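So, here come the structures, one by one.
Okay, so chain A shows up in both of these, paired with chain B first and chain C after.
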Partner chain A sequence: MMLPYLITIPLFGAFALPIVSLAGRKARELWAILVSALTLGVATEVFRTVWKSGEVMVYTLGAESPLGQGVDFPIRIVWEVDLLGAIVALMIAFIAFVAILYSTEYMRHDTGLEKYYALILLLEVGMLGIAITGDLFNFYVFLEIMSIASYALVAFRNDTWEGIEAGIKYMFAGSLASAFILLGIALLYGQYGTLTMAYLAKQIAANPTFTAKVALGLIAGGLLFKSGAVPVHMWLADAHPAAPSSISAMLSGLVIKIGGTYALARLAFSVYGMGINLRTLGWIIIFFACLTLIVGNAMAIVQTDMKRLFAFSSVGQIGYILLGIGIGLAAYGSDVGEVALAGAIYHTVNHALMKALLFLVAGAVIHQLGTKNLNELSGIARKMPVTSFAFLVGAAAIIGLPPLNGFASKWLIYESSALFNPFLAAIAVIGTAFCTAAYIRVLFTFFGRPSEKVMNAKEPGKAMLVPMMILVLAIILMGLFPWAISEKVMIPAAKMLENVGTYVSAVLGGA
Partner chain B sequence: MNVLYATLGFIAVYAYVSFASLLWGGIDRKLVARMQRRMGPPLLQPFYDFLKLVGKESIIPRNANKFFELAPVLALATSIALLAYTPLGFEPLFGTKGDVILFIYLLTLIGFLRVLGAVSSGSPYAQIGAQREMIILVSREAPMMLGLFTVLWRLNEFGVTKPFSMGTFYEHNIWELGTPLSFIGTLILLFVFLVWLASEIEVGYFDIPEAETELAEGTMAEYSGRHLALFELANAIKAFVSASLVVAIFLPWGISPYLGLSGTEGMIVDLLFHTLKVFAVLFVSMSVFRAVTGRLRITQAVNLFWTRLLPASIVGALLLAIDAMGVIA
Partner chain C sequence: MRSDMGLIVKTTARATIPLIGIFGAYVVSHGHLTPGGGFQGGATIAGAGILFLIAFGFGEMKKRYNHHLYSVLEGFGGLVFLGAAMLGLGVAFFYNALWHEGPILNGQPGTLLSAGYLPIMNLAVGLKVFTGLISALFAIAAYRRWRE
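Entry: the complex of A and B
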């Protein structure tokens, strides 16, 4: 059972880091890389186990069985990993590893790096915890670990005005959202007297009350904030440009999905899946998804700041994921719903890869040129061909061009939304058109006539190029076998998520 | 084994289409010259041009980046890949259901690679040409896609084996519907496609991105030597492929059944017949159009696409759709 190590290794790594960094900069960097690499190994193993067996992996903290002695309900914290959780955990560990590798060179000019690496490992712990937990309060704790680490990391460069400004904005609004989530959890506990997701699902199914719906509203509202859905996306557009680029890559690639869409899907399917009218919930999510798609992508076109553009594009892509989840809920139990859900899961992974790549590219540009204003960046391709190539791949993947991975996931979402309701497919296509326009604009800037400023630029070092190339490779490889991945991994993951019964009985053992 | 044969066939098709498309270039120049009472170059002039360009030194501008040299290669590669999905009198070699989207994508990608190559040159002339090409690219595909998808959707009611693939045109064609409404709709779409074809190969009204007299060759301003040769070949193939699409939709009949031929001989005869039809379509859309019309301004061209051609395409598609509903018998 490798599951506990998924948390203990990075947690130990983070706590040991202040001591390790007494031995100097090299030791600190090596330690961070080693810890994240080990975590990646464990995540791979967990994913392999769950994928091979096709069963939900359950781990109880402190005892053999989650059930209390002599009672038939769970009293302990359980960790519960289905295929979706395993995919997400693998994705987190991979992107975190790449981002840490990248940081070693990217963050070299900053001070206070022992705190930086400790925080980035804590961020990883928080996200992994959300991915694997089966307990609602435990989920909240991990959500806060993740959120607080990301507040601190957004404001990490506290000698810049924008870091502090974005950090405060993110923290104030984010704390409010977390409070909503906590309030929702408190309501649920008051009503049903349990915090275990599986047992709660059973209780809600047996006795769906108004309180449960209020709690769902509160929690879903908080989670939509964390995912950057449209009425509450404003923090994201500030936080991503202000954070160091390795952190932007993790924020945009992971945090908004783990703390947002993944948690929303987990809550909607695994906790409320049997208790409420999923069709209504689905349409509510679809409504926000459409708003997010249009506003996010449209706002991306008008940006002149490269990282802000990527941040708005992240908002737009979250719209696709939410659309997939929404259709998966609204068309629950049908083939269309399953395909939409698989598309959403697939797009989550794909977008994590490509947005991480794009932010790493942005980081390389900022690191080498000191500006992220697109008007000053004309003709980078002349002096930084590898970085520009990485950007080309990332942009083509995010638009969804066939030989790359973005195509298959977007296709699944288009196809299912067209079958579900052609109007939604039209909105999705409009969103993609905006997205294409935004990225082609950047592409023209990159490939155009070199400006004065650019002429002195050169490629960043290996520690920054290698992570980018790893991601490029992953994008291309995943793009070559899209239908195999979709058939073998994403569809089973969607099926497992839809099948609430197994999720519940994995903990309660048929009780 | 099957894959091997398909690959060999693919190479043969590529060789043939390169030859035929360059040959058409010569015929076209001869025809246009005759229309203006000139002698014109010899029929094989494009081959001499191509060989000469290949032999010349290729000059890379100082401000150009890596993609400047890569773009022509990728453009030619894309146009070759496109041949695998092009109907050439018989079903495309690697055709499968839904390959229409791939076809449109690759066709658009060639234009996009031209744009990217031009932008990469760092020359302001090429930049302006690239912007124009991009605008035209965005404008011209909408009417074509609408028409193409409508026709393919109507063909589905015949019960085709691979829906939305290029091969369906050889199982059934749109004229078989036979109703007056569908006939009118199809004629409107034929007009739309002929104009689209002219804009795809950028002649007559739509010679805007290259605009020799105005922009000094626009997108191709900085290309020389073998890089230009690659682009020229890619463009010739693209013209052939675009015309093949029009031929496949509107004139898909083969002659091999009448001659009692099948198998490889049948394919070759159909390919030759298809080439004739392509030349005929190109004669209308390219040679005549080029000889009798001048260039439009970019704003006029965009207007033409969105206020004339797209509505025409919508009307044609609606007529076909109303026909499918059977409201008017």
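Entry: the complex of A and C
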């Protein structure tokens, strides 16, 4: 069983980092790369196993069976990985590996790097834990590991005013959101006396109470904050530009999805799937999704700061993922709902790849030119062709041009929303129109006449170009087989997520 | 600028710091028998360190504090915890192999050498909490000046 190594390897890497750091900078960087590469290997293996078997993988901490002696309910922490969990675990390990590889050159001028690598590995631990856990309190602990590591990383450059400002904003509001989630979990525990998600699902189905709905409201509110949905997206637009670019790539590509949309989907389907009216919940999520789509993408058009533009674009793309999840809930059990859910899962992976790429490009531009103001950056394509090519691929993918991966996932969401309610499809298309406008603007900046500031620019080194090329390759490869991936991976993942019965019986063993 | 306290405070601190330290060590090592444990005991021992910092001043603390040592010890505490959790990986992560199979720490429940890996984990957490808190407070105490 490879599953525990998914947590122990990066945790070991983070704990050992202060000791390895004594051997100098090179050793520290090599250690971080090695640890994240091993994690990627384990995540690939876990994904392959779950995908091949098509069954939910259950791992119990502390003993062989999750059930207590002589009782038929689980008393231990369980880790439960279905196909969706395996997909996001693989995605986390991949993006984290790429980001760590990138930071070896990108972060070279900063100080305190032994803390940086320890924090980035802890961030990975927290996200992997959320992806695999089947226990509500364990989920909260990993959520806090992830959140606290990301607060610290956003404010990592603490000699800049924006780093501190964004960090404080993110930390205050984020702690409040975490407190809501903890309160919701406490209410559920008080009502049902269990924290195992599978058993809780069974209990809620047997006895749906008002407390369960209040708890759902509190937890969903906290999770919407973490995902940067619209009324509470303000931290994101500050945090992503202020963080170092390798961290923005992880924040935007992973944190908002793992701590936000993934956890929301897990909670809505696996815990509440049998106990509440999913239609109502679905429409509430759809409402926020539409707001997020429009506001996020529209705000992206007016930005002059490149990273801020990408941050608002992330808000907009979260809108698509939420829309998919919302339709998946509202049309639960129908083909439309399944396609929408598959589209949301697919878009989660795609957006992680392309937004990570875009932030790495932004990091390369800042690293070489020292500015992220779009008005000063015209004509970079002449001097930094490889970086500009990477940007072109990322921007085309995020808009959803056919040969790239963004097309298929957006198509699934458009198609299902059009079948579900044409009005929602119209909103989704308007969102994409805004998104296109924003990226075309940047594109014209990149390919315009070179400005004075750009004349002396040159390409960054290999350690920054190679991660970008890995992501470009991944985007193009995934774009070549969109329907195969959707049929073989994403639809089964959506099916497994919708099928609460197997999720519950995997732990309880039919009991 | 004098940053340390008067004679009475210093003398009292000399007397109480070892007592606090011993009490904290007691809380950590009896975590599996009495209330308290790694975090509580570690925080108590860190309290002794903070008393030292306040009573004798930052200058005195600076002579006795080694950043690398504390940072390594904190990582070491985490590694010991993780190592103890992985001892029983043949059965499951966090499987208490020391309790079920020995060789040590599987004595009669209620005695000091019982509870399997729990005392080891308490010691590791205590070490991590103590070094972490001291490092954090030292770093805050060292934080440049009030204004630049």
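The rule is short, and it goes like this: the second predicted complex is superposed on the first by the 511 of 511 C-alpha atoms of A that agree within 3 Å, B and C clash if a C-alpha of one lies under 4 Å from a C-alpha of the other, contacts with A are read in each partner's own complex, and residues count from 1 in each chain.
Note that contacts are C-beta pairs under 8 Å (C-beta built on N, C-alpha and C of every residue); 3 or more make two chains touch, one makes a residue touch a chain.
Every value quoted in this text rests on a predicted model; they were computed, and no experiment measured them.
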{"item": "Contact breadth on chain A, by residue count: chain C or chain B", "value": "C"}
{"item": "Contacts of A:Pro4 with chain B and chain C, given as first, second, both or neither", "value": "second"}
{"item": "Partner chain(s) touched by A:Asn158 [first = chain B, second = chain C, both, neither]", "value": "neither"}
{"item": "Touched partner set for A:Leu17, first chain B, second chain C, both or neither", "value": "second"}
{"item": "Partner chain(s) touched by A:Tyr59 [first = chain B, second = chain C, both, neither]", "value": "second"}
{"item": "Which superposed partner A:Leu443 touches (first chain B, second chain C, both, neither)", "value": "first"}
{"item": "Residues of chain A touching chain C in the complex", "value": "4, 7-8, 11-12, 14-19, 21-22, 59-64, 114"}
{"item": "Contact set on chain C toward chain A in their complex", "value": "68, 71-72, 74-76, 78-79, 82, 85-86, 89, 91-96"}
{"item": "Chain A residues touching chain B - in the complex, by the definition given at the top", "value": "379, 381-382, 385, 388-389, 401-402, 440, 443-444, 447-450"}
{"item": "Of all residues in chain B, those that touch chain A in their complex", "value": "63-67, 102, 105, 116, 119-120, 122-124, 127, 130, 134"}
